[in-house]
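Shared chain: chain A. Partners: chain B in the first complex, chain C in the second.
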Partner chain A sequence: MDIYLLEAIINGVLLGGVLALLALGLNLIFGVIDVVWIAYADLVMCGMYLIYYLNAELGWPLLLACAVAIAWVVALGVLVHILIIAPILGSAPINQLLATGGLLFFLQSFATLLFGTDFRNIGVRLPILEVGGIYISSARLLAFGVAGAGAVALYFFLRRTFVGTAIRAIAQDRDIVGLMGVDQRHIYLVTSAIGGALAGLAACLLILQYDVHPFIGNTFGPLLFMICVLGGLGDMIGGFVAAFVMSQIIAIGGYYFSTELSYVFAFTFFIVLMFVRPRGVFSR
Partner chain B sequence: MLSLAAISAGYGTFQVLFDVSLEVPRGEAVGVIGPNGAGKTTLMRVISGLVQLYAGAMRLDGRSVGGLPAHRMVEQGIAHVPENRRLFPRLTVEDNLRIGAYLPRARRQCTEQLDRVYKLFPRLKDRREQLAGTLSGGEQQMCAIGRALMSEPKLLLMDEPSAGLAPLVVAQVFDLVHRIRAEGLTVLIVEQNVQQVLDVVDRAYLLEVGRIKLAGTAAELKGNDFIRKSYMGL
Partner chain C sequence: MIAGLALALVALPYFVAPYFMHLLIQILLWGFVYTSWSIMGRFGFVSLGHGAFMGVGAYVPALLWNYAGLTPWIGIPIGIGFAVLLGLVVGYPCFRLKVVGHYFALVTLALSQVVMLSIVAARDVTGGSLGFTPKAVGHSWFALQFPEKIYFYGISLTLWFGGLAVWYWIDRGVGREALDAISEDEEAAASIGINVIREKLRVTLISAALTALGGAIYGQYMMYLNPETVSGIAVSLQIVFAAIVGGNYSAVGPTVGALLTISLNEGLRVAFGTNFIGAANTIYGILLVVFIIFMPRGIVGMVQDLLSGRHRGKIAFYSAIRRPSSADQ
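Coming up: the complex of A and B.
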């Protein structure tokens, strides 16, 4: 096999890691609370700006800045639930969609107000590794590893703890979990916090690879929703797999043609599959 | 133990229960019988906090528990085996049971309670790793009862435990009720299967269109002409 193709495939896998992590968060929130956080990618943006501000402007150590940023996005996730979702939980899904869509514009405008539209970075560039003639970005490798660890941690949380079991149960039958002593509102808050934590973690991984600007959410947000719909909204495993499928299409398409065209392929693939399997590729 | 005084309840503007009063003494098994649509399930949902009262008083061991949400009712010692069992189909049998012990107090006892439930229903132990959705109807009923027992309730509510089961399995389910009573639990059971439920309860109420029409001991109701004619086909 062509060594550059192999490189593209490996990069596709590495790219898929962070997308898979975010798809887990979005699907978790949809499965449990039954709302789609349209502004999810913009919460990542908020985390990236905080890391930039603490590290590049205030001179905090990067790891500390990352830890604070995760806590900050967790808080944002909880606030999104309390201030925006909880008051309209009983109303039509389109209203919830519009409300979080409004949040998207709010966050983008607010970031523009604070930081302007300049591209900003923390000035850290991790080395490029060479393995047998294949060049791999160590930032991407790190992102893949940490995203994988995050997914495994989430898996064990959902499998092994009482709250995790309640989260899985509520996604299957929300009306009767109260009979088990489960307070739905509490589970919704925990779920929103986890969704925030995953977005915060993604912010730490992305700031190592990309410049942050107010509209960075738009660069991967649509792709993220496509991945979640492709895997079946609320289906965590489906979304996880779909993230890698999509990033492979983008990586291999980018290798043979161009990155721009590879996105065209990815979206075409998505549209075709939506005709064939409208409820997600892995739907039963 | 449980006493309802002149309860009215329903869904929004659609009233289902009218002035229902009912007593469940400690250690007894009490039945509520009645036709489809009489409000039996709503009555159970009111007691477990899934449906809120319009009016009336509900007391458990003398304390007022009216208006508490469902998760608080479990804390008070009421466990509800819902109509149609309502297991979590894509959780394993053991996870379904474990979530029954969600309350902090019950979590500490989870392992002991699991042993107790498995002793009561050895079949569940064989199937502990299986997804609950793949169980047979009778096994699902065992799992649903087991899940309710995990919170160590004082009062067990059972809503139509025999519904949708084959006659042989129905007999097994009523046998289960006997065994649960032998464990010292107080039981309130709603059934359309009048003949068989009157064999396992001490006392019963007849609910028709949201009102209590008759009440008495199981023996009295079994001998009642109206019940024999309308509900037992005798």
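Coming up: the complex of A and C.
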């Protein structure tokens, strides 16, 4: 096999890790609250800017900046729920989607106002590893490892704790759960916070690989929704698998053609699969 | 009153400065595109794919003009044909397989990304992200290029009236009740003998064709196309938002949305200057969220409610928020 193709495939798997992490967050929010946060990728952007600001401008240590950024995105997630989603929980789902779309405009423009449209990075570049002639970015390897650990932690949280069980129960039947003595509003807040935490974690991993700019959310946001829908909205394992399928299409398409064309393939693949399995590939 | 308004719109260009002419043309053209979207959007078929139709409608005639010298009079219908084909290829399976709600919004979102990225990827032909400039030949009916704004004012005014006419035609047509029924409950509508797929496809294709026409004229007027400004997620969201802010359930609502968003954007741009890039859209974003939360029926919808006396105290007001409209699903 062509060694460069192998390299593309491995990089695709590593890219899939972060996408899978974000897909988990988005799917969790959808499954529990029944809302699509169109601005989810832009919360990641907010986290990346805070890390940039604390680390590159104020000179904080990177790990501290990352920790603060995760807390910041958690707070943002909770705020999004309280300020935007909670007031319109009763109205049409599409209105909730559009309200977070308004948030997308706001966050992107506000970031432009604060930082301008320049591409910025923290100036930290992790070394490139060479394994048997294949070059692998250690930043991506790290991102993959941390994303995997985050996914496992989330799994145990959902399986082993009371709140986790309540979250899974509410995704199955939101009316009955109230009768069982679970406060829905509390669970919604916890879910939004977890969604924010995953976005914050992704921000820490992405800032090591990419320059941040106000519209970075547009580069992987749409892809993220496609991944979630492909796996079945609310189906976390499906979303996890779909993240790797999509990242492979992009990696291999990018190797043979160009990056834009590989995204065209990925989105076309998504549209076609929606017609084959309208409720997600892994739906029963 | 309507005749008076029409007369005022026809007479307006003789009194205003070129800059305001430019704004008026933009408002009429975008108002036409937003109206085209609401033709299907008002029945709850929320498409985030209209950026795709607009992009195809704008790029096809411009490419044919530059590379084949084909007049836009033929190029624009070809572009519309492609947009309708695209609407058919995506719309038919969607409606057949009952892809609705979130899923429909996200499938159409993917469509608009596909078109935008294809334009960027074909950069050898389309100029990619740098944009595309149709060859200018000065004043020409053959090339549909007019440096004098009065011509495009006339064209966009005609288009806008045409868009409203189509809106009313569907509103008063035989399919109206069927579409209302579908938007409330597809299964029930099908069970009483409504051909759900045909009715949905009909409004979708009309909407796609008009949007493509709007994109084509916008390209002819601006004489510059950019994938980011005529296609993709940003344009799709812009269309949906303006239609909703203005009022999705009345004929003039989307136009009010265009009037409001464009004048707001220009006003903020003039107020803040270029020192604060993004300030205008920051405020716009906040307004959007506020609008969707508190006025889901848009400005026109709220005014109608106030006029018809449906605002009996606060309770009625809040119940209107909670339960915007049956057609809202």
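Remarks
Assume the second predicted complex is superposed on the first by the 284 of 284 C-alpha atoms of A that agree within 3 Å, B and C clash if a C-alpha of one lies under 4 Å from a C-alpha of the other, contacts with A are read in each partner's own complex, and residues count from 1 in each chain.
One rule holds for everything that comes next: a residue touches a chain if its C-beta (ideal position, glycine included) is under 8 Å from a C-beta of that chain, and two chains touch if they have at least 3 such contacts.
For clarity, every value in this text was computed on a predicted model and none was experimentally measured.
One of chain B and chain C touches more residues of chain A, and that partner is C. In the superposition on chain A, no contact is made by A:2 with either chain B or chain C. Contact with chain B, but none with chain C, is seen for A:181 once the two complexes are overlaid on the shared chain.
Contacts of A:172 after superposition on the shared chain: chain B is touched, whereas chain C is not.
Contacts of A:130 after superposition on the shared chain: neither chain B nor chain C is touched.
By the touch criterion given at the top, residues 36, 84, 87-88, 90-95, 97-99, 101-113, 116-117, 214, 218, 221-222, 225-226, 229, 233, 257-258, 260-261, 263-264, 267-268, 270-271, 274-275, 278-279 of chain A touch chain C in their complex. Contacts from chain C toward chain A in the complex involve residues 44, 46, 90, 93-94, 97-99, 101-103, 105-107, 109-111, 113-114, 117-118, 120-121, 233-234, 237, 240-241, 244, 276-282, 284-289, 291-293, 296, 321-324, 328-329. Against chain B, in their complex, chain A makes its touches with residues 162, 165-166, 168-169, 172-173, 175-184. Note for the complex: chain B touches chain A at residues 48-50, 69-71, 74-75, 79-80, 82, 86, 88-91, 95, 98-103, 106-107, 147-148, 151.
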